[in-house]
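Pasting a structure here, questions to come.
The chains carry the letters A, B, C and D, assigned in the order they are written, with residues numbered from 1 in each.
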Amino acid sequence: MASIELRRRIRWADADAAGRLHFPRIFEYFEEGEGELLRSVGFSMFDRGGYDFPRKHVDAVFHRALPLDAPFVMRVTVGKLGNTSIRYDYQVFADEGCSQLALEGSMTVVVVKEGKPAPIPDKLRELLS
Amino acid sequence: MASIELRRRIRWADADAAGRLHFPRIFEYFEEGEGELLRSVGFSMFDRGGYDFPRKHVDAVFHRALPLDAPFVMRVTVGKLGNTSIRYDYQVFADEGCSQLALEGSMTVVVVKEGKPAPIPDKLRELLS
Amino acid sequence: MASIELRRRIRWADADAAGRLHFPRIFEYFEEGEGELLRSVGFSMFDRGGYDFPRKHVDAVFHRALPLDAPFVMRVTVGKLGNTSIRYDYQVFADEGCSQLALEGSMTVVVVKEGKPAPIPDKLRELLS
Amino acid sequence: MASIELRRRIRWADADAAGRLHFPRIFEYFEEGEGELLRSVGFSMFDRGGYDFPRKHVDAVFHRALPLDAPFVMRVTVGKLGNTSIRYDYQVFADEGCSQLALEGSMTVVVVKEGKPAPIPDKLRELLS
């Protein structure tokens, strides 16, 4: 399955009053990861041929805190290609060597065309496999 | 178990380029609900007697889109009082009568004191039961 | 000129790692104030008859910090009705009596129709005067 | 004066319901630019020797819309070193060649130590000059 890694940092805007990752922000990175994964295989989130990808389910489990300014590596992998849905899996590591798992999670989107769930386009399915 | 309802609206800042709830924002409302639920039973999130409540797990399932400017009702309920953790359950309705479920989810926090998981304080347990 | 007041609180999501208002967030409240002011005079930001209101200029001056959980009062006033622009003025107070000014600022929007600046519609001009 | 450039993209999380930069987000990039400029001269925003940098004033003027997914170049320059304040100036360009100015703005911070305005530390002044 297609996979990429992004390297980012906990910016001031990403931290909360406890001085660590404000967790809703990690889902913004999840979405950035989705966009960059799709871009990496030649598909644009922003010229989608009439397709829409509403989110159906998201979750995350937090293993260690990411403090303000901490660099992190986010690995995005296609976890499951359903008939009309795509699940992306995420692992966020606190170190460059990807040995310290800070959090993991997933985001499942539905493929929608003209307002209704539709099969993943063949070309996209191929690109993500 | 303790429970409250909040009435809010999908503000401009809460909407995404598809003109509907940008899902990471709902977790900000989840946290607001946690704070208001605690406030309603007389406990302040912001004067916590040395306790910290890092998030351990969050999830959400989306049933119907909430468009820009849509009013919504968020019901927050204490879902589970563990030994050292609290799970809050959330239901977000698209209508005042709470018959149209837009999304539901949960947030589990760990009770931490001096850097280590600690039992829920007796008074807080009582207030949330 | 039209004016309203909103009462809000510095939510967890609005605070930064210094435990006070993360300033970009106040502009989200500015926009909420714009929307509620327009709503109060019977105009919907979300059914705008083909009009668009891109932002041209924003500014803010900070006089005192708003800590996490602090309630505040935001006063929104129409500051200037130009030919094709509207300036909203904002004052945010740290107290219910509006004697402690925490910050003030403004937001100027351009009235755009079919991609070009257009005169403020007569009815809207009247409602905001 | 010290200056750097950052290259970023209007992410899904940065766009509003009009499909373009949600302006409060640009201030998050302003802050990221401040942090990276300081880092580039060897000063850490996150190990600040007891100094605090509350924001005193911010502004921005918008010249052209940045649509979703648009890459941009943000130039950050130290605009003024006062006695107890620093003004950062920002220019955001829609093109790699920095000929299409999308917006410009500034952020003025006060140097605070032990709760009071304090002179810019000599070393920091030197680094930023």
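In this text, contacts are C-beta pairs under 8 Å (C-beta built on N, C-alpha and C of every residue); 3 or more make two chains touch, one makes a residue touch a chain.
No experiment lies behind these values; they were computed from the predicted model shown.
For the pairs B-C and C-D, the count of C-beta pairs in contact is higher at C-D.
Relative to chain A, the most remote chain by averaged C-alpha coordinates is C. Separation between the centroids of chain B and chain D, computed from CA atoms only, is 33 Å. With each centre defined as the average position of its C-alpha atoms, the distance from chain C to chain D rounds to 23 Å. Chain B and chain C have centres, each the mean of its CA atoms, that are 27 Å apart.
Shared contact sites, meaning residues of chain B that touch two or more other chains, fall at 12-13, 18, 24, 28, 31, 68.
The residues of chain C lying in touch with chain D in their complex are 18, 20, 23-25, 27-28, 31, 52, 54-62, 65. Those residues of chain C that touch chain B in the shared complex are 11-13, 28, 31-32, 35, 44-46, 68-69. Looking at the complex, you find that chain D touches chain B at residues 12-13, 15-19, 22, 24, 68.
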